[in-house]
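A, B, C and D label the chains in the order they appear, each numbered from 1.
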Amino acid sequence: MLTILFDGTAYGMLLFVLACGLSVTLGLMNFINLAHGAFAMAGGYCTVVLVNRIGVPFALGLPLAFLATALLGGLCERTLYVHVYARSHLDQVLFTIGLVFMSVAATDYVMGSSQQFVRIPDALQGQFNVFGIGMGKYRLLIIVVCGVLTLALQLILTKTRFGSRLRAAVDDQRVARGLGINVGAVFGITFAFGSGLAGLGGALGAEILGLDPTFPLKYMIYFLIVVTVGGTSGIIGPFLASLLLGIGDVAGKYYVPTLGAFVIYAIMIAVLIVRPHGLFARGTAR
Amino acid sequence: MAILETIGLAKRFGGIVAAADVTLAIEKGARHALIGPNGAGKTTVINLLSGVLEPTAGRILLDGRDITALDSHQRVRLGMARTFQINQLFLDLTPLEAVALAMSERFGLGFDCWRLVGHKGAVADEAAEIVERFHLADVMDERTAILPYGKQRLLEIALAFACRPRVLFLDEPAAGVPQAERHELLATIAALPADVTVLLIEHDMDLVFSFADRISVLVNGALFVDGAPDEVARDPRVKAVYLGEELDA
Amino acid sequence: MTPLAASVAQSLKRRARWSVLEIAFWVAAFASIWLLPQKHLILTETAILALFALSLDLILGYAGIISLGQAAFFGTAGYFAGLVAKYGLINDPVLALVCSGLVAAALGFVTSFLVLRGSDLTRLMVTLGVSLMLGELANRYSDITGGADGLQGVTVAPILGLFAFDMFGHTGYVYCLSVLFVCFLVARRLVYSPFGLSLRAIKGNALRSGAIGIPVNARLVAIYTLSAGFAGMAGALLTQTTAFCSLDVLSLQRSADLLLVLIIGGTGYLYGGLIGAVIYKFMQDWIATLTPQYWQFWIGLLLVVIVLVGRDRMAAWHEAARAALARFFTRALAWRRRPALGGAAPDGR
Amino acid sequence: MPELLAIEQLSAGYGDAVVLAGVSLSLNEGEALALLGRNGMGKTTLINSIVGVTRYFGGKIALDGADITALRPDQRAHVGVGWVPQERNIFRSLSVHENLTAVARPGPWTTDKVYALFPRLAERRQNLGSQLSGGEQQMLAVGRALVLNPRVMLLDEPLEGLAPILVEELLAALRRVIRDEGTSAIVVEQNAKKILGVADRAIILERGAIVHAADSAALAADRAALERHLGVTDSGPRRGARARP
């Protein structure tokens, strides 16, 4: 039981790191980016290449994965995404699904279709035994890293000037522009950072989530659930939604394995019917 | 005899009171204007009357019948129609299609999915009458999106009129219309049939005073003064509100 | 009748008139029965995809409901058709087809209430969620659906007891094309009716639609239900012509591909789904022979390019191409007719 | 006094609607201009067009002699346009203090100076924007424009919907900013009498065009002009619509 809670927490926090960038960009630009998972996959494969093939230490591979995907995200934002912001949601969906398809096929072409594993240092393998509960060392690492990241994110968002400018832009884009905030730049930086986080999540999560070219499609719905259920007005909502989703999914697969993700989808639909703007959204979300 | 009445109508958004205890009677066949400073709640009142918003409190009576709980499309069937301050048009339809659509709905053909639009002769006849009345005949087959703003504004009224309302709400019909296209619009409004009761929101005092036979002044969501045009024009309280003088009286 | 009333009546009817191009399209479609016998298998798939895309066009192109879950209806009816055939519950394929469509329509009716509220994103999630849930259910109850192995042992009786399905797909193609044609005729009547016009109005401006007396929600429920029925018939056709049904009928990929098909052809004029299906299938066929594994990449690229170019601009190109083709056909017909008419000037319209 | 803001033949609106049709006006350094007119006559559109958040149709806006017509709104804010929007539009998920620091630019107006001007804001500096009363929101909106250290302040109905006591408080603050500090400003107001005491000059807009321009003092005394352009009485010869017979 507690093991499920533990594994679920690790899973949930991982989902949060993967999806939080999406939630901020959706809230800021009202832009539906279904290709967010592609950046996570890029981070995962980046680590595989760095650690397994080139022999970079795992501890260095993670930040490098972050940087590489942040760079990739920033590049895509400036060259591709920037053309689609003003378009209809249908166009945005088509565009980003197109990107997903391309990334899936391209990854298949370059890396092959088989599942990849990141070589994890021996020190991180095995379990601790605390009060009779088996806690995987690697999962503990995930919880620690993601926990620290979440705290850091919250601090950036609430304590820095960039954070308040970002929140101002989410609150009222038009007035933020009129008062001197370069919303385009704020968004570009946020997008790159969010992509980087997704990449880091992909690198960390390759072990748990599995890494193969269909990753962006497989987890698209999970990221969207985090965002739609958690709302887009901050990171607390998505964080709680991620934890719920992680624990719920692990518990569901443990107790009613045959139903698979049915429970999760049913809950999502129920939540969206009752609260179309998300469980944790404030009253008048856009 | 009042055709439309509101009793203690109120609307709050969170802590903000947009309309407070509005009790208003609109006489049959009246030309009634609703004026007031910005944010006084004029559009809120129209939104409540037409069913776009649900009131927090109060009742709305049409011909003595309580319609507070009805949806906007049901109120249209009972003979109320409105225009919008900011154009709400079907940009991909032609003016003729839009008018014919409103006709078809009025004739109860809305769920007919087998016969052509305009299959019923009366639809075509009345649609022709309306495009003519609203000076839209020459552009009736153009896409609405490409019409000049003045024509769009006319179509805005034509669509409401096509519902054959007994009560028509006009929300700033002349707003944003360039000077050159203004005359046609004003003449059309002045020529609306006398048996249609009109409630007009307008800032343009020329239009208000040339058109209305009764004026209600709304301030901060509440009905402030209600009377004939010359009474309202002379009322010192109204002057005070509009000119920003003290309200000690 | 005043002259204006007469021209108003003319104007209202003009759109619904069959154009030369439309007639040419269907003549070509039916001619393929005799002209392209060796392509009947892929043409069958194309006709099914076209019907499926037509169903999406009804809600997306006409009513503006964005959906990533049209596969839910396709798949449900597909399984239904397979099961009734497998267990011999309904033997006649046409009757089974109609029943499958009704089952899908019922599912559409029930789930339509979920898409009435909320933003595009909410609708996207809800439609996707419903199809994923059904996918999970189909996987869970593998004793009924055959799970990952698919539904085996489906045998479909001859159509009307007369025409048996053959391995070259000749019967199947004629059958599917006929069903597509009938459904298309229904859809075509519908979109030029007051009901169809009201859908376009709702898509354009739901607020104003209510303000001219249109019961918006009731209309959306109605068209969503009908669209689900069409999608279901497409799914049933697939099962009947392949005598097989597997989990991928419910997949996200199927719904996403469908969007692409419709976007290639253009939304909101009925032929979009049909033309899109033809282009998509033959492109798939062609790319698959070049790079069998990576054709998904090119599909993705196509989507990205279409959006970057702009669907408005594409629609304008479509329009121009249609106009050019129409001129060509009219002229060709006029040229053929000219000797008989003794050189009389051809009437363009 | 050198010319600070020059607007020539500015046309602007929203969507397809042209609300302003060729408006020209100029504002000198250190001058305060009251922009009057009934509702719906284009006052807010004029302000918003100077800020850059409307649809531009034509004309030219110059600040300090430099053409700013092509600049984005955020760039205009950087070169000295300070905006107090009509609906106040406080950033609701930011605290009072963050609302100020998020947009502040270096210059004489610091957050401390704003707090000195509006002691109420200092008391509520940790409160979220969504928790403020209408008057406090308005003070914050003014303070937020001040910390931009603008060359020109654009205030859009700063007194609207405020209780009388708050109107007095805010007017006193505006007087300090405009009269004592010599800040250039354009103030849109319904409350003509009140604002004429603060402004040097006044113009009246009607249907997107300037119909009257005068010194504040002169206009305040000109009851006829006020009534004609701002009051509810019918104005002179009727144009356009005829009354029903």
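Quick note on the criterion: contacts are C-beta pairs under 8 Å (C-beta built on N, C-alpha and C of every residue); 3 or more make two chains touch, one makes a residue touch a chain.
It should be emphasised that the depicted structure is a prediction, and the values quoted were computed from it without experimental measurement.
**Q** Please find the path from chain A to chain B through touching chains that uses the fewest steps, and give that number.
**A** Tracing touching chains, the least step count from chain A to chain B comes to 2.
**Q** Could you tell me which chain lies farthest from chain C when each chain's centre is the average position of its Cα atoms?
**A** In terms of C-alpha centroids, the chain at the greatest distance from chain C is D.
**Q** Using Cα averages as centroids, what's the distance between chain C and chain D in whole Å?
**A** Taking the mean C-alpha position of each chain, the two centres sit 55 Å apart.
**Q** Roughly how far is chain B from chain C, centre to centre by C-alpha average, rounded to an integer in Å?
**A** Roughly 41 Å, centre to centre.
**Q** In whole angstrom, how far does the Cα centroid of chain A sit from the Cα centroid of chain C?
**A** Chain A and chain C have C-alpha centres separated by 35 Å.
**Q** Using mean C-alpha positions as chain centres, tell me how far chain A is from chain D in Å, no decimals.
**A** 43
**Q** Can you list the residues of chain C that touch 2 or more other chains?
**A** Within chain C, no residue touches at least two other chains.
**Q** Which chain A residues touch at least two other chains?
**A** Counting only residues that touch two or more other chains, chain A contributes none.
**Q** For chain B, which residues are shared contacts with two or more other chains?
**A** Not one residue in chain B touches at least two other chains.
**Q** Does the chain-touch network form a line, ring, star, complete graph or other?
**A** ring
**Q** Please list, in label order, each pair of chains that touches.
**A** Result of the pairwise touch check is A-C, A-D, B-C, B-D.
**Q** Provide the residue numbers of chain D that touch chain A in the complex, in ascending order.
**A** Against chain A, the touching part of chain D is residues 51-53, 72-74, 76-78, 83, 85, 89, 91-94, 98-99, 101-103, 105, 129, 144-145, 148.
**Q** Taking the touch rule as given, give the residues of chain A at its contact with chain D in the complex, in rising order.
**A** Its residues touching chain D are 161, 164-165, 167-168, 170-172, 174-183, 233-234.
**Q** Taking the complex as given, what residues does chain C use to touch chain B?
**A** 1-2, 4-5, 7-9, 11-13, 16, 189-190, 192-198, 200-201, 203-205, 207-216, 219, 222
**Q** Which positions of chain B touch chain C when the two form their complex?
**A** 50-52, 71-73, 76-77, 81-82, 84, 88-94, 96-98, 100-102, 104-106, 109-118, 121, 123-125, 127-129, 131-132, 137, 140-141, 159-160, 162-163
**Q** Given the complex with chain C, which residues does chain A contribute to the contact?
**A** For chain A paired with chain C, touching residues are 26, 32, 80, 83-84, 87-91, 93-95, 97-106, 108-109, 217, 220-221, 224-225, 228, 258-262, 265-266, 268-269, 272-273, 276.
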